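When the chains are written out, they are named A, B, C, D and E in that same order, and each has its own residue count from 1.
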Amino acid sequence: MAGTSINWFRYASPASFFSLAGPLARAFGIAAALLALAGLWIGLVVAPTDAQQGEAYRIIFIHVPAAWMSMFIYVVMAFWCAMSLVFNARLAAMTAQALAPSGAVFTVIALVTGSLWGKPTWGTYWAWDARMTSELILLFLYFGFMALRNAIDDPRRADRACAVLALVGAVNVPVIYFSVKWWNTLHQGASVSLTTAPRMAAIMLAGMLVMTLAAWSYSIAVTLVRLRAIINERERGAPWRRAVAQ
Amino acid sequence: MAPMDSAIARPAPSGGAWAGMRWALVRDLRLALRSRAELGVLLLFYVIVVALFPLGVGPDPSLLRTMGPGVLWVTALMTSMLALPRLFAGDFADGSLEQIALSPYPLPALIAGKIAAHWASTGLPLAAASPWLGVQFGLSTGELEVLALGLLMGTPTLSLLGAIGAALTLGVRGSGALVSLLVLPLCVPVLIFGAGAVDAVRDAVSTNAHFSWLGAMLLASAVGAPLATAAAVRIALD
Amino acid sequence: MAPMDSAIARPAPSGGAWAGMRWALVRDLRLALRSRAELGVLLLFYVIVVALFPLGVGPDPSLLRTMGPGVLWVTALMTSMLALPRLFAGDFADGSLEQIALSPYPLPALIAGKIAAHWASTGLPLAAASPWLGVQFGLSTGELEVLALGLLMGTPTLSLLGAIGAALTLGVRGSGALVSLLVLPLCVPVLIFGAGAVDAVRDAVSTNAHFSWLGAMLLASAVGAPLATAAAVRIALD
Amino acid sequence: MLVAQQLAAQRGFSPLFAGVGFTLHAGEALHVTGANGSGKTTLLRMVCGLTRPAQGTLAWRGADGAAALRECTLYVGHASALKDDLTAEQNLHSLSTLHGETADERAVQRALAEWNLDAQRALPARALSQGQRRRVALARLRLTPRELWVLDEPTSALDAAGVDLLREHLRSHAARGGLAIIASHDTRSADGAGIRELRL
Amino acid sequence: MLVAQQLAAQRGFSPLFAGVGFTLHAGEALHVTGANGSGKTTLLRMVCGLTRPAQGTLAWRGADGAAALRECTLYVGHASALKDDLTAEQNLHSLSTLHGETADERAVQRALAEWNLDAQRALPARALSQGQRRRVALARLRLTPRELWVLDEPTSALDAAGVDLLREHLRSHAARGGLAIIASHDTRSADGAGIRELRL
């Protein structure tokens, strides 16, 4: 741990990170585009029409990755918030701040695609099913995070306040994930898990995974871009900025 | 002045946490009773709520029965929301919060005391009144028991979670609605299990699951919330 | 400094009442929602509150439909009560209220402006959002219209009545506080008629009676409340 | 000309002061002193019409009328009447429009600059230091020209420079024929021409 | 002994002060002065552990520890920390129990009498005058004996008698080997033995 932590701290300083972020963002952006194309091709062309659901099921290729990301990004966000509280590292807090919007976006996508899917399958756009509700709560948590953020004038105070909020809100993620287990609901349970063999067609699985990778690299790219912007604003006065400026 | 000329450096008071918690609890309860206004308003509020629904829904008993628990639970949620701003804002404005943060007692303990007082003036009365209110909705005895028990176990969690939001929004622009935005989502699970328990009784299903969840959430928040709130308070004072 | 050396005694500003009302309205609105973001927060808050009920009660559509109006009306009451303490307490604490009372504009006009702002930041958004929220409860078009109209006519009354109570509790202990308890029950008729109107639509009964009552209460309070509140404020400052 | 006669104040059940009277002509300033709790603030609030005298009369320009007096009075109290959420600039603007003045951007900025708050112009009042809040409150003296100034502890939390500036203002106000009533324990603000003392 | 080294404060995006250091031995008092907004209050809050220094260290009795320092500190800030609904007596009692003292009725009454608030003992703090509130706040100096006093503008709204009394307290505190840090514009409180000045 000690060994790794040293260089971790080197990149934990905005100064050394800033130069790194630019090219990384570009690389991940391109990757995201390619993966998305591949995933959509698999999902819309290669994958066969589903027996009962017809074409409608193809939403899964967007819905599931989005839903996964919505939860995953929150976990990552909470992690960085913890880091910023413990090590008092500015960059960690900024990362969390940069992650929030992407998380919100994916949550919205999961909600929208989900309810669009719900119409043909369940005959309703919305039901107060546990998973849907908890996903909606996740959206509100993202909103709350951002709202608190821009309600506080002092940036460092905002960092720490939002960090506390994010950590508290993290309890919602397991609720979302296991909601299908805890309440017998409309929503179907996890059919992909690391422990048991997947219960769906290999090709579908492949499509979903490729799309998930696309979502990942997209999130990383966007986050890095936002991070650069935030650093630009936050570290205005700092000496190293002037150095970079020249 | 004789006592003053003794040593000016005192040891930290003994029996830290509990004494601190008691101090905050007693003091806030006393203050709450001083300004009976808010208390009365809260009580009136949920009497109105409960009185209103039968009016809105009409006398159909089966309907009333099914919605009774949900209404009472949401009312509990709203009343604790109503009182949240008062939890820290006053102390923050008049400088008491600084003194509390500087006290030799552990801050989380003091905060826990304040939360307990908040609960005693919002959740507890509702839980106590719930059997009577539930009768208005024609709940059966079994349902009433579960309802009251659920409220007793659930409302403290609401206060605990609410405290975090209240502390986070201290001295923040437009904190009024922001608190609710931060807190209400976190409270939803409590609501689900609490109301669910009563439905379970109606459907003659075991309520163990619900209560164990309520208990788990109460424990978790009882441990976590004071710490998180204390952190938030220190941040607000920084 | 040139302009300063002119006459130091100024005439009272022209166009008294309206100008004063506008000042208070604009200023309080600005304080309430310093950014569009905060308006969003407020709406989100409604969404959450309304979303909670189905959670507690369960997704049965017919049930939701019957309780929809009641829920929205209670939400209206709660949101306006959430904001009430902030109506005068803040200005009282930081000395703004003194300055307001010393302004050349007539005090009731300024107060009316403050009340209007309070309504515009609590009742109005809810009334505006109510059709959409009502859809969540599966209300019919006709019901939605009546609901929205009722909220539009009813929520100002809630704010007006609430203002009296808020002013009475200023600075005063005991007695004044208790008086404010007498104000809140006055809100009950508003809720009853407001929610009742929607049921009337459902039962295909004429809603005239309900609306004329709502209108009457609105008129009465619009005339009386600012005067009463102004008097209460002067007493609180004395 | 302001004439106070036989003013008496009652607080709770006990009388606070009685038989207080003074006459203030154009260009004069009254420095109200007295121990803590002797009733200075109460007297000032009476003069500007916030508190009703238990006894006695206040005559303004011969006529007896609180309304007339209020129109010509500017009261700066203990509380600085700033909204924490608004910036110093917004606060000043809102306060002066409340008193019927049409304060334009530049006037406000000039007033702030004079009290050397340029840097804090755009800060929310919450962020201001105690003395900076006081300075913003005193900047109203320029923006809301009134014939009678009623200042309660104007120098509290002010640094030396601020006190000088205030004295400067008082002097020019007097020169313009304005009246002033100041309650303060701070003798620094009390010297200068035409300043009389009223001891409660 | 309190040693501050290279303290720096940051507010918003801009640094407030930097490189502030001082050493305070038993029986000494530090008088922090400076223009409005120069950071006195911020510095005081750092000393008693409310605000985290952006840089620098505070060492108390050699050991570096905010907790140890907090235990020995009594902070009386701008805000007097009185609850308007409680009486002066109740406020004092509640505050001193909060700080772990077992204040009995008589001790509280003696403290109030010393600041001559006998008459106001049973008044709700809401009714107190500004200076009386300040006096109640200062009465805590007796009821909560601590080694280090941190006083922010202690003389604001105090009358002459009050200032003398405060000076008296400071003197006997120093004689007992206590330390004190005072931020004030009021030079009246600054004279006396062993009082050093720190200018921000």
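The criterion applied here is as follows: a residue touches a chain if its C-beta (ideal position, glycine included) is under 8 Å from a C-beta of that chain, and two chains touch if they have at least 3 such contacts.
Note that the structure is predicted; figures quoted are calculated from it, not measured.
**Q** Determine the shortest chain-contact distance, in steps, between chain A and chain B.
**A** The fewest steps needed to get from chain A to chain B is 1.
**Q** Two chains share more C-beta contact pairs than any other pair here; which two are they?
**A** Chain pair with the maximum contact count: B-C.
**Q** Quick one: chain C and chain E, Cα centre-to-centre, how many Å?
**A** Whole-Å distance between the two chain centres: 43.
**Q** Using Cα averages as centroids, what's the distance between chain C and chain D in whole Å?
**A** Spacing between the chain centres: roughly 34 Å.
**Q** Using Cα averages as centroids, what's the distance between chain D and chain E in whole Å?
**A** One centre to the other, that is 29 Å.
**Q** Can you pull out the residues of chain D that are in contact with at least two other chains?
**A** In chain D, the residues touching two or more other chains are 78, 84-85, 124, 126-127.
**Q** What positions in chain C touch 2 or more of the other chains?
**A** Residues 34, 38, 41, 44, 48, 55, 58, 93, 173 of chain C touch two or more partner chains.
**Q** For chain A, give me the residues that contact two or more of the other chains.
**A** Answer for chain A, listing residues that touch two or more other chains: 133, 140, 143, 147, 151, 153-154.
**Q** In the complex formed with chain E, which residues of chain A make contact?
**A** Going through chain A, the ones touching chain E are 153-156, 234, 236-237.
**Q** For the complex, give me every residue of chain E touching chain B.
**A** 48-52, 70-73, 75, 77-86, 94-95, 97-101, 107, 110, 142, 145-147, 173, 176-178
**Q** Help me check something: in the complex, which residues belonging to chain C touch chain A?
**A** Interface residues on chain C, with respect to chain A: 35, 37-38, 40-41, 44, 48, 51, 54-55, 58-59, 136.
**Q** So in the complex, which bits of chain B are touching chain A?
**A** Touching chain A from chain B are residues 161, 164, 168-169, 172-175, 178, 181-182, 184-186, 188-189, 192, 220, 224, 228, 231-232, 235-236, 238.
**Q** Note which residues of chain E are touching chain D in the complex, please.
**A** Residues 11-12, 34-37, 41, 78, 120, 123, 127-132, 134-135, 153, 156-162, 185-186 of chain E touch chain D in their complex.
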